[in-house]
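Each of the next two complexes has subunit A plus one other chain: subunit B in the first, subunit C in the second.
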Partner chain A sequence: MSSVAFPAFDNTSDDPTVRAPLTTPGQNFQTITETVCRVVERPRPPLGWYIAFAIAVAWTGVFFLLVVYLVSTGIGVWGNNVPVAWAFDIVNFVFWIGIGHAGTLISAILFLFRQKWRTSINRAAEAMTIFAVICAGLFPALHVGRVWVEYWLFPYPNQMGMWPNFRSPLVWDVVAVSTYGTVSLLFWYLGMIPDLATLRDRATGTVRKLLYGLFALGWRGSARQWHRYERAYLLLAALSTPLVLSVHSVVSTDFAVAQLPGWHVTLFPPYFVAGAIFSGFAMVVTLMVPARAFFGLKDLITIRHLENMNKFILATGCMVGYAYALEVFASWYSGNQYEWFAMVNRAVGPYAWCYWTMVFCNVVVPQLFWFKSWRTSPWRMVLVAVLVNVGMWMERFVIIVVSLSRDFLPSSWEIYKPTWVDLGMLAGSFGLFFTLFLLFCRYLPMVAMAEVKAVLPAAHGSGHRH
Partner chain B sequence: MKDSYPFPPWIDRARPLAGAVLAVVPVYLIALLYYGGSPRTTDVGYEPVQPIPYSHAVHAGVLGIDCRYCHTNVETSAHALVPPTQTCLNCHNQIAADSPKILPIKESAASGQPIRWVRVHDLPDYVYFDHSAHVSRGVGCVSCHGRVDRMERVQQVERLSMGWCLECHRNPEPHLRPQAFITRMDWTPGADTSIGAKIRKQNNINPSTDCSTCHR
Partner chain C sequence: MIEPSTSSTNGLEEPATVIAGLVAEFRTPDALKAAATKVRDAGYRLWDAHSPFPIHGMERAMGIRPTILPWLVFCAGLTGAAAALLLQWWTNTIDYPFLVSGKPFFSLPANIPIIFELMVLLSAFAAFGGVLVLNLLPEYRHPAFSVKRFARVTSDGFFISIAASDPKFDLSATRALLESAGAVAVDVCYAPAEAPRLPGVLKWGLVVAALLALIPPLWIARQRQIPSDVPRLHIIQDMDFQPRYQAQGVGRFFADRRATRPPVPHSMAVGGRQLDAHFYQGQIDGQWATTFPIPVDRETMERGRERYNIYCAPCHGLAGEGDGMTHQRAVARREPGWVQPRSLHVSNVREQPVGRLFHTITHGLNTMSGYAAQIPVADRWAIVLYVRALQRSQNAVLDDVPTALRPALLQEPTKP
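And now, the complex of A and B:
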């Protein structure tokens, strides 16, 4: 289905005296329901969905076959070896958990700040967050090697009389990521209940009625239910807000607490959080631009929504650039030859191309967003967003692998090379991510209908000019 | 569209029940795993049938034979040594020599094939336990093996779990005794609560709880 585009429609004006419309003109409560439910209710998804889904599922299959190979053989099938004991596994973990930061930022922090434009994109962004956290969680879970004793990561009373080492950031990591995953899932689900009830009421088949009915938890839309719902939503938003900042701060302590040159930097927590939001927004843009075109959501997810996210990318990109500069400064100012060497090694060592790819993609490329033409052109912004994600993956590679490969003793230096299993699992994790996202697009309401309706002018009685 | 609503009206009354089930089931499952999976449940009381109905209650209890008469190396080696058939015959070529119960022992001695005793106290292969380190420094047999002198057939009385090992490694004093009573099953420190501390000082006992102490 092609969208009902209004070529002349432009809501990207920055005129502060006018409240910019957040949907195309002519939208009312019914058209919004129709637009969003149509995606789920049409008998067959568009051909593009099938093609994308087939590719994604194939790569998901590759991922899980490689997991079987890895678990049955041992983590020696990866390229990790002393001194680079953390490589693609942890790079991918930090990359995916970073991606997972945009959803909660959009849904919680922007909610508390009354940013109404969040309503069209928050559902998909939260879904993306949860899928990214799933991808992220798999890598450290696999990299421990003996996955059958995975539960040892959690503190629980046991016959061994042992607790995890609470002074270790790795334990904080388990707690932070599992908390984040749980709260994000609850927040996403809670926000979806009224929309699931809409789908239930419109459903025609018995299976759909039963499933949407089950997950709608008996929602009838009474005033009391709305009251409770909004209270619960506000509370979860307040609970999620510190998590947006804490999770990647904790992830950064995995490195900052160690004494390795290149890791031992007090700047890491805010630097990682900025990078996470940067990459998260880039992924939201990467997903939303094609999704709004394929599923006919251009009326609800307008250029203004995308432009706002691009402004976030520009701002956080500048913060990340500042952090890169400060990292260099701090290592020089430390007067420590190992710290300084770690920096020089990044810039001119054997992995210099990784470092300069990172700088180019994360610092130079986002500067294009100073130009409105780049912020408002869908395909140009996707180009920037994809490059940002390449850069952010490279950033984690530079921090983790390049620092480890050349530490204090030249005699222990080693060059790390990924094996085909490493590469296959990286690609496979993208397959898993897109599989989950495509299923979400097909079976769940991609846009928060109830919330978008609440930000329509009609919901505020402006049509009556009180 | 009331007709299209797929759930019957009584579902509303079932909701509190569903809530109760959701609250109780996880607690039940956790309790089941915790107690059902505990070595207290799975391992304690293990009492396999042995190829010969040898009675520790008779030999160690009634007759009062010292543990070390059969388990000779317990003070000097990691293993307590299961005695060879010849040890049995030291006595049994004179005492009850014609009893049918002794027949398998004689056969074993004649053929040179050892008797296939079933191991009762079996630690995992990744645990390096050393009897001599414990027995020669004041940990009595009874502390880990229980009142073997009262057992017709030997059974496991302690958990032998890692947490159980660590309890003693973290606080060894209640389990220490003078070397003279090391095999005595009925010895207790009595009212003298300081004896453990004295032996600890005297033998310089500082049990390590590092991973590599037991997992080498």
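And now, the complex of A and C:
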């Protein structure tokens, strides 16, 4: 079950003249259906699922209890205060929204680039995107304090006679994140319809038949339907690609448009996008390695898939390292004493340990992926991936909290300390994320069966070469 | 070609069914493609191929024309972008313009993110909604599912279905065609003889419910339009109840139960350091000052003239006769209740000590308002100095003129 043994089958060869197989040998349409549906159809999930689910649900409970406490008392229960008015809440927001980006990258960008290996992992990665966006959206929504007037964020004719200020990045953010969540959901669901139909057609119980049937919308794999479906899928991919790049760019303008030293940098949009993909891939690896082991998906999610993602982590990790270096350069080159101070303060100020944790986790650790042994060993890559996510959370902390704690006026400098509510909600958001992901593993097709079948050699028949 | 059947396998009386078409199974994607070409060439129109995944080249084999979906998406995208631009321009420029750091009300670069997001959002809705509508989904009842083996279409089965409603459909001929095309099995599929209908009550019930659902929004729209002398109803009443302490009231927070807090020891209000009574109040030992607390020189005089001409001349006139432009206009318009500004040359005013004049400028007098908020203290003294000069100029006697200039004055011809 949780074997760590290196599989005998190896498709990680880098020989460009040989097309590496995307699944283990001997897979056909029938076995793929079996492998994926078995996860959902087995009467009981493995014990590991129960343990993980119990822990995750407990933390989800903690999260929502803390939400009740927060809303009924006021956001003073958080450690935020002037000058650090944005703290854990916004750090968590940026962290989670960044996690989501890998899902869209895999499902949309790799689709446009005809990367067939994406088919085994795109479904789970997209699910991860949606759950991450849910976690992300909660934090700014709570941060506004009076959650019952949340709808003021949206433009609607009201008797106050007021409209949102559309020139503000914070409003762009609302629109970008909600668009991103909606489009990701549509993309995910559209991709899942044929697979839900598979579950419907195999279902035995009435409830399952009814529910899968309801959501499969009567799909019957007709060629005329497939034709339009493929068009719609391509269009959604083409729309999601610029969308995903825009979302983290817009998030970065929340900071870059402000004048605070350490925020006011034109580098931010590409730097944020690279960091988002970096952290997102790390999260996909963290989730997929145990998932493929626990649910018997090793035939479809092979070491090659994981290795490819690790290459992405290495590449985006180097981009992030470059961005860190450029940040230092830009603050020196600006010739502005505040900018330079903000930089020095990060490296040697009271939060220096955060900065160096960030540099270590995001720049140094991923370099291990230059070694094939690290790229292809499941549990070693999980170690790297977890460290990367620690580092990426730290990065947002360094950008947001460290910059704010030392603003222009030394008399208002303050050291930020999270309260137990802050820490509980951070842990709780992980609980929520894993709860949703575990439910997804249990009840929905974790691998896009139709898409994997379409890239099997058998799907192309004889005499058809790519 | 309608052939009623009353097959009852489980002994229960099943509803009457009719033949809906034929469903044929094929082994491989290639076989399906080849068969599809044959069916297409045989001239069938109401037929379809089914597979667990999209098969490349199937469109060509079946003769499917390209879908209009991309155009729908394109139009939706344009609509989204245009709507976003219009919304941002109209709300931030026309309906509710407000200034942020002196930036323009309408600036395209700042509007681009939202234009882009709305374009993507509407395009995505069009792509998703379009594929469902064009594919006639959701469709929860389809005759093909009456064939048991058809369930494998979503796993590893490849099928062709031909509807009985196709003009060329003929049970035996069509079956023969499918078999010759390489089908491993051909089954007849059935549909209920009568399509299930929504009961009439339900239909009208829905219409009535939809109409009723329109009432609240229409009522709200009406309420927003008509004038009202009581505050309008609103859901969120946070702003109506603002817990706060009244000045001089009782508070619970501090031990002394006073809501108004005494000033912090040794603190001082801005501008509160008015220790110099001569300078700030125009008084010396409680008496109106007769001397100036500022240097009396040409520079101060010039400053006083300039300030007087700005602040006082509109009412009191450039020469202080009480006949400034404001007064002339008020007289011309016969303003009711207009009080003429006092001439500064009447003896009562001329005899006033400078401290008293300073006091009048600072606090005003009857209908003349005080100028403390507009004119800084030193400037008020400069004006007093200039008023004194004006008074001297209009009430001078020969002795006031320097001796050297007197002959020239005396020679001046007197006007009639």
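The rule is short, and it goes like this: the second predicted complex is superposed on the first by the 454 of 466 C-alpha atoms of A that agree within 3 Å, B and C clash if a C-alpha of one lies under 4 Å from a C-alpha of the other, contacts with A are read in each partner's own complex, and residues count from 1 in each chain.
Following the convention adopted for this analysis, a residue touches a chain if its C-beta (ideal position, glycine included) is under 8 Å from a C-beta of that chain, and two chains touch if they have at least 3 such contacts.
Predicted model only: the values in this text are computed from it and were never measured.
*Asks:* Would you check which partner chain A:L112 touches, where first means subunit B only, second means subunit C only, and both and neither mean what they say?
*Replies:* Neither partner.
*Asks:* After the superposition on A, what does A:T206 contact: first (subunit B), second (subunit C), both or neither?
*Replies:* The first partner, subunit B, only.
*Asks:* Considering only the touch criterion stated at the top, classify A:A325 as touching first (subunit B), second (subunit C), both, or neither.
*Replies:* Neither partner.
*Asks:* Which holds for A:Q159: it touches subunit B only (first), subunit C only (second), both, or neither?
*Replies:* Both subunit B and subunit C are touched by A:Q159.
*Asks:* Which of the two partners, first being subunit B and second being subunit C, lies in contact with A:T179: first, second, both, or neither?
*Replies:* So A:T179 only meets subunit C here.
*Asks:* Now for A:G218: first (subunit B), second (subunit C), both, or neither, which partner does it touch?
*Replies:* both
*Asks:* Once the complexes are superposed, what residues of subunit A are shared between the subunit B interface and the subunit C interface?
*Replies:* Correct list for subunit A: 157, 159, 161-162, 201, 213, 218.
*Asks:* What residues on subunit B touch subunit A, complex-wise?
*Replies:* Result: residues 1, 4-7, 11-12, 15, 34, 38-39, 159, 161-164, 166-167 of subunit B touch subunit A.
*Asks:* Inside the complex, what are the residues of subunit C that reach subunit A?
*Replies:* For subunit C paired with subunit A, touching residues are 28-30, 33, 36, 48-56, 58-59, 62, 64, 67, 69-70, 73, 87-88, 91-92, 95-96, 98, 100, 103, 107, 110-111, 113-114, 116-118, 120-121, 123-125, 127-128, 130-132, 134-135, 137-142, 144-145, 150-156, 224, 232, 234, 236, 238.
*Asks:* Note which residues of subunit A are touching subunit B in the complex, please.
*Replies:* 157-162, 201, 203, 206, 209-210, 213, 218
*Asks:* Using the touch definition up top, name the residues of subunit A that touch subunit C in the complex.
*Replies:* Per the touch definition, subunit A meets subunit C at residues 28-30, 33, 146, 148-149, 155, 157, 159, 161-169, 171-172, 175-176, 179, 182-183, 186-187, 189-190, 194, 197-198, 200-202, 213, 217-232, 235-236, 239-240, 242-243, 246, 250, 253, 449-451, 453-454, 458-462, 464.
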